[in-house]
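Two complexes, one shared chain (chain A), two partners (chain B, chain C).
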Partner chain A sequence: MREKHIGLGIFTFLVFVFLLGPLLIISVTSFEQGTVLKFPPESFSLDWYKNIFEVSGFLETFKVSIYLSLAGNLLALLIGIPAAYALNRFDFKGKALLEGIFVSPIIIPGIVLGFTFLRFFITYYQLPIYAGLFIGHTVIMLPFIIRVVSSSLANFDFSIEEAAVSLGASRIGTFFKVVLPNIKSGIIAGVLIAFLESFNNVDISVFMTGPGVSTLPIEMLTYVQNYFDPTIAALSVVLMIITALFMFFVERLLGLSYFTKR
Partner chain B sequence: MRNYYKYLLILPGVLFLTIFMLVPIGMTIISTFFPNEAAADTSNYASLFRDSYFLEILWTTLRVSILTTIICMVLGFPAAYFIARMSAKMKAVLLILTIFPLLTSPVVRSFSWMVIIGRNGLVNEALMGIGIIQEPLEILYTPTAVIIGLVHLFLPLTIITLVGVMESIESDLLTAAASLGASRIGVFAKVVLPLCVPGLVIGGILVFVGSFTAYTTPALLGGQQRVLSTLLYQNANTLNDWHMASILAAIMIVVTLIVITCMNLLANKLNPRR
Partner chain C sequence: MSLFTLQDVTVAYQKQAILQDFNLSIGEGELVSLLGPSGCGKTTTLRLIAGFLQSKQGKFLFREKDYTKVPVNKRNFGFVFQNYALFPHMTVFDNVAFGLRQRKVSKASIKDRVLRVLDIVSLKGFEERFPAALSGGQKQRVAIARALVIEPDLLLFDEPLSNLDANLRVNMRVEIRRIQQELGITTVYVSHDQEECFSISDKVAIMNKGIIEQLSDPATIYRQPKTKFVADFIGFKNFIQFDSRRQESDGIAATVQGITLYVQQQDNTAGLVGAIRPDDLRLYALDAAPMTVENAVQGKVLISTYLGRSYQYEVQTSIGRFTVNDDAAAAPLANGQDIVLEIPKKQIVLVD
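Up next, the complex of A and B:
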């Protein structure tokens, strides 16, 4: 079944033009010198890249987004690794329900989560805005951590752990010295995927940002709605480079099968 | 081993999600039935579904989501079929090219379409340049723009889901069908397509639910044309009508859960291997 099918090949090529063309176009326009986005650009400059640092807000919110993703990841790991371990290692009554609860942040619409977080965290639980953002982002990162760590644990042979315990090692010691090193690459990949999920998030953050408190995607969203110059194109290129790097590492750690299997 | 040990490991996660997700969501839904903190009252749902402004937005949202789902399937299925039949190396390259936009920020992806279909965008410049049109086309800030943006957003997901399903079809099965005399189109229609139906259904749910609830793309490409998600945001943050926002949130959750449940049942039923 390897015969060439030219029509199908051309169709697929056009699909990729549709998918990647827009990203390519904004990358090229980011080097335009003038104040209007043009394609093809008429002159070459890096002015708009410099402008990223000059527009107040981008650098600051970039840091906020990174801190938020890192802090959220840390909490999601602390909660997620034990949960993923228990779900894979033991039998539970109502295991399907528990697994359902842990993936539900992916299923519940992001915009609904964002609104209820605003309503409950800020108004009802009286949390400071940054704490609300932090917890909200942790909630949406948790399913990714659990999913990736679980698939690593599914490949782990628990009889190795039993052997260590029967030779006199403590349960907790065994976990850190035997189990954890074996699922290390899964944990790192989970962190990278969860990081992107939080770093690109709009749905949760849009409700909890305002004057003085913002994340990079929200700052970009606001900028695009008010100005139309190549600064966002330049910033987009920076973000795409970061995305490509993350993807490269995830592919190295898990292979492409992580993305294709459901 | 003691029995409570395993529950101790899972407890922090369950507590965390209960306090910070399940309770807020549950309370939000319950609150929609108590507009005046008095007795239960469903009249606000009833009056909402008689409100022509709301119905128009609901209809736009449904139409946009259904069209996005259909277009994603029509574009994604042949592309996935082509990718799945490539050699391992070529397949990996094409999958990487599919996954890259999937991981790229939705803000970046919507913005790229503003550059292309905007009033002074590439499409209008090109069409006016060669004299096909005199006035710029108004594509941006219409439902069409939202559909284009959503297809761009969800097509990678469609393709990788379908490639995953097609990879699980044993090539022996196809060879067997071909060697028994089936034509290439016959193999496709009688073997490949039926085995892909569950994947198409699952891919379809993901795209439909995603489009029905997406915020960033309609917020940037839809302009004044609202959909449910932007209406929810407007009520919550601009109009401060939290009761209305809660009702919209409840509607979105219910629709999402119903669609996912139905489609899961359907996908199981349609799976020819069962």
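Up next, the complex of A and C:
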């Protein structure tokens, strides 16, 4: 028999209100016609959605964010997959240390990381802004790739590799024909999570962007400082939908339990 | 002529030698089992032959050629794993075809050979299934088919039946033996199950701590173990440490604490340890012992245990403790009863 806990019901409801309320309010206010954010809205229009495309910076920085995420992802995969493979496949000295270093960008506060990158890449080595952004984003994506790929390698039976080699496959061939197909879903999920991490990143980007170069979140910050109209609310709704779609795919591939297992 | 030879091979793991100056030679078409307790080096030996491990010293000769440095994928040996190690993302057909695709065999020929080998392992009609949809026995058949289809020069089994249930194990080992003899493939088989090894092998190598204690056909090992370890491993529970022995006209007279026992042994080893199976000893109550008891020793029953088919007795005598299985269930002997123990001279085996 199921017991009914009225208190628990109310508590759960409040948690949901607390979590989802702001998102709901933002969504509703984005349809306001007036030039100032208002709740509840007094009229309905899609003008501010149109405005997203009329403000010159958004579309452009959206592209920058996408390219940055894609390029960073590619490099993070090239480093992350072999790293995850080595960490799971072999036993070697300093393995724990290496694991710690790879995961450290998650632990170190983003603001510290961002400032460090600024000091070294931009101030000291005088790297171009795009290069700095690229390296910075790769670094913050890498731990996610390594963690997700590692978790699918942890379930991988390495004797399968030996079976392939004993049947005549080369070591490299074995990796592509036998290992990769079996950790495919982990890789895709890693890419999606890393993509979101990079796409939503503010703390690194805020240090690394410079004159004429910006990412979407930074552009949004700048916009909010100057205007108070519902454009940002409309843009937020669009980003929420994109993020929700991403998470939907990640969940299908990996299960949301991955995020609760930390 | 031997197909392959391991010559003075040494394998070490983290500075600890697993195999030291190890030698093994196997003839063409034979099925040889490596049998021993866990940690005896049997799997290491198998993995060394397969090429998964490199030896620190020594040579591996295959058909007179030096194979020591030949990588796994160039050896053309079939390996059957304990946990099957099927490719989970491939169908049964693709699993079996994998080795042939590596060898760039033509498509038509692949289909032909895969279907033929699936027929041999009685898995016709399973081509499109994925490993997850197979039972343990079926997976093992796929694993065997996958190793057979490349027409290997040598077939290696690493405890292939240990994940199967008891009935299936018996069926599969008959199957493995049938296939091996049908195709005449030289096979090395690793197991820790004595019955399994004895039932399928031409020869069994009993291993202990990285050395082969005895390599013979199963019947010889069963009747004539060479060392105490082998005797113990195959069920000689009782051991008598003799002080001395001398050759007589019709056998050997061995002495322990002034008592002389006669041993009727053909193969004369220099050993001073007498080994006897519990089933081969006979017990009589002291007052009911016949006059013709061979090698009679007096003693006392310590513990008697009812096993259903027979009684098992722990007996204390002047030359040590013995475990005796006795089926004279009609008049069981009581704890503390004085007895005469008969050690038939035919049944004592002198081992090192």
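Assume the second predicted complex is superposed on the first by the 260 of 262 C-alpha atoms of A that agree within 3 Å, B and C clash if a C-alpha of one lies under 4 Å from a C-alpha of the other, contacts with A are read in each partner's own complex, and residues count from 1 in each chain.
Keep in mind that, in the parts below, a residue touches a chain if its C-beta (ideal position, glycine included) is under 8 Å from a C-beta of that chain, and two chains touch if they have at least 3 such contacts.
Nothing here was measured: the structure is a model prediction, and the numbers come from that model.
Visitor: Looking at A:Phe18 after the superposition, I want to know if it touches chain B, chain C, both of them or none. Which is it: first, second, both, neither?
Guide: First partner only, chain B.
Visitor: Is A:Ser56 touching anything from chain B or chain C once the two structures are fitted on A? First, second, both or neither.
Guide: Neither: A:Ser56 stays clear of chain B and chain C.
Visitor: Scan A:Leu118 for contacts with chain B and chain C and give back first, second, both or neither.
Guide: It touches chain B, and chain C stays clear.
Visitor: Taking the superposition as given, does A:Asn155 touch the first partner, chain B, the second, chain C, both, or neither?
Guide: Touch partners of A:Asn155: none, neither chain B nor chain C.
Visitor: Does the superposition put A:Ile79 against chain B (first), chain C (second), both, or neither?
Guide: It touches chain B, and chain C stays clear.
Visitor: Tell me which partner A:Val206 touches in the superposition: chain B (first), chain C (second), both or neither.
Guide: Only chain B is touched by A:Val206; chain C is not.
Visitor: Of chain B and chain C, which one contacts the greater number of residues in chain A?
Guide: Greater contact footprint in residues on chain A: B.
Visitor: So, does A:Ala163 touch the first partner chain B, the second partner chain C, both, or neither?
Guide: After superposing on A, A:Ala163 lies in contact with chain C but is clear of chain B.
Visitor: Which residues of chain A touch chain C once you look at their complex with the stated criterion?
Guide: 157, 159-160, 162-170, 173, 178, 181-182
Visitor: Would you tell me which residues of chain A are touching chain B in their complex?
Guide: Going through chain A, the ones touching chain B are 1-3, 5, 8-9, 11-12, 15-16, 18-20, 22-23, 25-26, 29, 36-37, 39, 78-80, 82-83, 85-87, 89-90, 92, 98, 101-102, 104-105, 107-113, 115-121, 124, 135-136, 138-139, 142, 146, 171, 196, 199-200, 202-203, 206-207, 217, 220-221, 224-225, 228, 232-233, 236, 239-240, 243-244, 246-247, 251, 256, 259-262.
Visitor: Applying the document's contact rule, which stretches of chain B touch chain A when the two form their complex?
Guide: Residues 1, 6-7, 9-10, 12-14, 16-17, 20-25, 27-28, 75-76, 78-79, 81-83, 85, 92, 94-109, 111-116, 118, 120, 122, 152, 155-156, 159-161, 163-164, 167, 171, 174-175, 178, 184, 187, 202, 209, 212-213, 215-216, 219-220, 229, 232-233, 236-237, 242, 245-246, 249, 252-253, 256-257, 260.
Visitor: Can you tell me which positions in chain C touch chain A when the two form their complex?
Guide: Residue list for chain C touching chain A: 50-52, 72-79, 81, 83, 85-89, 98-99, 102-103, 143, 146-147, 150.
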